[in-house]
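Given below, in the form of structure tokens, are the structures.
In the two complexes below, chain A is the common chain; its partner is chain B in one and chain C in the other.
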Partner chain A sequence: MDELQLLKDELSKRDAEIAKLKMALQEKEKQLSLRTDVTEEALKPLKQVNKLSNESISRYSRQLILPELGVTGQVKLTNSSVLIVGAGGLGCPSAVYLAAAGIGRLGIVDYDEVELSNLHRQILHTEDRVGMSKSQSVATTCHRLNSGVEYVPYHLALDSCNALPIISQYDIVLDATDNVATRYLLNDACVIAGKTLVSGSALRFEGQLTVYNYENGPCYRCLYPKPPPPQTVTNCSDGGVVGVVPGIIGCMQALEAIKIASGIKSSFGQRMLLFDAIDGTFRCVKLRGRQPSCPVCGDAPTITQLIDYEQFCGAKASDKDKAMNILEKEQRMSAKEYKTILEEKKPHILVDVRQPVELEICQLPNTKTINIPVSSLQKEEKISELRDRINQLKSNGDDKVPIVVVCRRGNDSQSAVNTLKQQLLDNNIEIKDIKGGLHSWSKNVDHNFPQY
Partner chain B sequence: MEISLEFSGGAELLFDNNKKHDVILPDQKEKWNIKNLLVWMKDNMLRERPELFLQGETVRPGILVLVNDADWELVGELEYEIQSKDRIVFISTLHGG
Partner chain C sequence: MELNTFANVRVLFFAKSRELVGEKETVINYPSRISTRRILNELLERYNSLSVISENLILSLNEEYLDINDDLIINLKTGDELAVIPPISGG
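Entry: the complex of A and B
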């Protein structure tokens, strides 16, 4: 018994010590030589060295003995600066390898804060940093790996005003962003500032990599003079992504940046790497050269200063989904109103327009839900299933048959209401969607309902 | 004429979610080029929402076309004369990260 008490006492003593140590650690982290809230103000020029310290020789010995790199390459790395735009699935792996390799200065731009749904791929953030600035989080983690590198976290959204002052201060820029507008902004800014752009992207099980504006090769606009129609663009939040895919592409971006900075040439100027994780294939394709007609890097450029990229692309410079308002108020119901319908057992048909894989994650407590993915709303076999259900309900009375449409956030459900209305013109129905979708259900009706 | 059509980056979602299609182009008076291949694909392969793949007579912005692993710009774009056994790839550009 005494022994048990002793152990308990010992345990609480140790717990107190751990708490004290954690406090001390937090204090230390605050005092780190990390800059906070850096804006586009000019940095001091990166200190140039012409030889390596003994510590650096030990630290980088395994890459120093490579004849392609050697002391000359390592000195060049130490004297180089890289700006990573996007501290997410691509930015994390590229930052950690650039830091490990001993780049001189590493700038990290991200306006966003860490969320739980980031952690499966944005591997430098941690559970206890949810809510913290992503750029700060990446700088903190990299600093623990290599404190000899100078880290400059920028907690801001890159835009047409701040892009050039920031980019001009770095040697190489990494596009690790997640949206079309910022990709065009970065491209134009890099052409105007004369910087090489190492561009990576990833979605689902695929990744792509190219180095733009490199050795008179093409820029992003040479390849894509016109932005894609916004409805054809999928982000990671809607399309999904396997964490290791941006991991691999981000590592490739770090590798190309290291090659360029150390004087080895990049392999991806005027070439594109296509990675398919399902097939396990890496394919490398030859791209067009720089286009003399390109509006930004061509012979007679018409874009000589940065423009409004959200307007140019017709899309926001973030990958956050925003709530759309397609339907009128009276065509929508709240999650709470739908709860009442369920409780009062009112006859109705619930149409869930998400993909089948999403219904496996969670669905509303209605055993008779019909699943018609928003991409299949035109398919006749799905619609005829719905018609059968309408006719079943109709035989019970003459009133309009209520149809309720639901999706994850309440965007797809609105366009689905419009499509279904057209498809069911000759049926006596009243069709509404649930405003805010399952997210609203989780927030306003059932707090135990999962959000994804 | 036998050729192979491939799709990636999400473009396969418009073609039965199938990344590789071996197709036989029927004999015709005109020579097969990418321009009339796109028309043939629209009539014979593209079941729904053609606007997500085509715009006018060409592919929509954001789709890169490769002929035997080279950017189609290098071989004449729409006017490229298709050869037997060619591999033509349509890649939807990714923007995520």
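Entry: the complex of A and C
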């Protein structure tokens, strides 16, 4: 018994030491990456070189012997700067290859901090950096790979005020963001500042790549003048994404930036790459050129300074989900209230409106859960199963049949309550959703319940 | 004399259009001579669910951008490939 206690004490002592070392390491890493908390303040002009050092010749020898690149190309790379906006699934692979190839200066913008659910695709962050600034984390990792590159991490959200001062200090901009508002902001800022925008995006098993505002090619608005309705936009958190897909697109963004910076022309100035990872296909669509009527890059532009992009898109400049309030208070119950229903074995019907694949991850402890995904709520065959169950409970003598709807975060469940009401048209039911969904269950009822 | 007044066109759906339509591709029997606007309109009639993003997509025919315009009449032939491409914004 004493021995056990001794070991436990020893273990907690060591844990404390490890925590201390981690702190010291983080501190050291911060100093190493040369800069912290850079804002839009002006940087010193990038030092221009006209020849390569012996060390550079050795380091870049494998690409120097390519006639398309050569010493001239490498010198141009060294004298160029690239700004990556978004230090996530696209930003990580693009940053690491730009650093490896010897770009002169690499700016990295991201307002966010590292989370565990990022690591399957945002491969430059590490487990012990959860909570650390993403831009800082990318700079730190890249610095270890190539300390000859100057890294400028910006721990901030790009907006209409800081975008132009930051962007105008770089030669090429990479759109590695995750939301519509920032994509329009970046497009307009690049047109106004006269910068080429290497744009990548990825969701599920699909990726897209285009180089905008390049050699009389189109800008983003030339192709997509109107932002999509916010409810039609799926983010990676809801739609999911396979890490390799942004990995591939991000690598191609780095490749195009390297080509442009070193004097080789980009292949995607007026073309869009469509990558389908399930089919293993790369399709290339030839695009139209710059539109003379475009409001930002056209002959008589109406947008000559940056606007409010969250207002323009009707959506926040982030991919974080916001809690919605569609239902009245009386139409909702807390996770704790549902726990009481379960404990008291109150007759009710639980409808889980997530995708079947999500039920495989975790479910509430109710063996009779009916699964009707939100996308199938209009389908009669799904509804009829629910009707049968309602009628069963009615024949048991319960007049108002309680129906409880649950989803992951408590947004879909609210719209589902409304849809089900219309579909069922039954006055003898009482239908509510669980506020905050399974996330709330995990937070307030069962701490061992997984969150995804 | 026109022998073939219709063309079987392979239609590919990308990104959000794939999700809304519920399939990756289909074949649509289009009139051989048709305005590019009508190509889109017939798609929207067939797939009502697409209408929410009808103004947020581009079309390509045989991997070339297709301007959606009432006055632009083009010739379609069987085997042509039409792609519906809304933007992806995630990353």
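A few notes on this one:
Criterion: the second predicted complex is superposed on the first by the 420 of 452 C-alpha atoms of A that agree within 3 Å, B and C clash if a C-alpha of one lies under 4 Å from a C-alpha of the other, contacts with A are read in each partner's own complex, and residues count from 1 in each chain.
Simple rule for what comes next: a residue touches a chain if its C-beta (ideal position, glycine included) is under 8 Å from a C-beta of that chain, and two chains touch if they have at least 3 such contacts.
Values in this document were obtained by computation on a predicted structure and should not be read as measured data.
In the superposed pair of complexes, A:Thr72 makes contact with neither chain B nor chain C. Of the two partner chains, chain B is the only one that A:Gln378 touches; chain C does not reach it.
Of the two partner chains placed around the shared chain by superposition, neither chain B nor chain C is touched by A:Gln392. Looking at the shared chain after the overlay, A:Thr340 reaches neither chain B nor chain C. In the superposition on chain A, A:Asn428 makes contact with neither chain B nor chain C. Looking at the shared chain after the overlay, A:Asn216 reaches neither chain B nor chain C.
Under the contact criterion defined above, the residues of chain A that touch both chain B in one complex and chain C in the other are 86, 88-91, 176-180, 183, 200-203, 206-208, 223-224, 226-229, 231-236, 239, 241, 246, 272, 274, 276, 279, 283-288, 319.
Looking at the complex, you find that chain A touches chain B at residues 86, 88-91, 176-180, 183, 200-204, 206-208, 223-229, 231-236, 239, 241, 246, 272, 274, 276, 279, 283-288, 319, 375, 378.
Chain contact summary for the complex, chain A toward chain C: residues 86, 88-91, 176-180, 183, 200-203, 206-208, 220, 223-224, 226-229, 231-236, 239, 241, 246, 249, 272, 274, 276, 279, 283-288, 319.
On chain C, the positions that touch chain A within their shared complex are 14-16, 18-20, 24, 52-53, 55-56, 58, 60, 63-65, 67, 83, 85-91. Of all the residues in chain B, the ones that touch chain A in their complex are 8-10, 13, 19, 48, 51-52, 55, 60-62, 64, 66, 69-71, 73-74, 89, 91-97.
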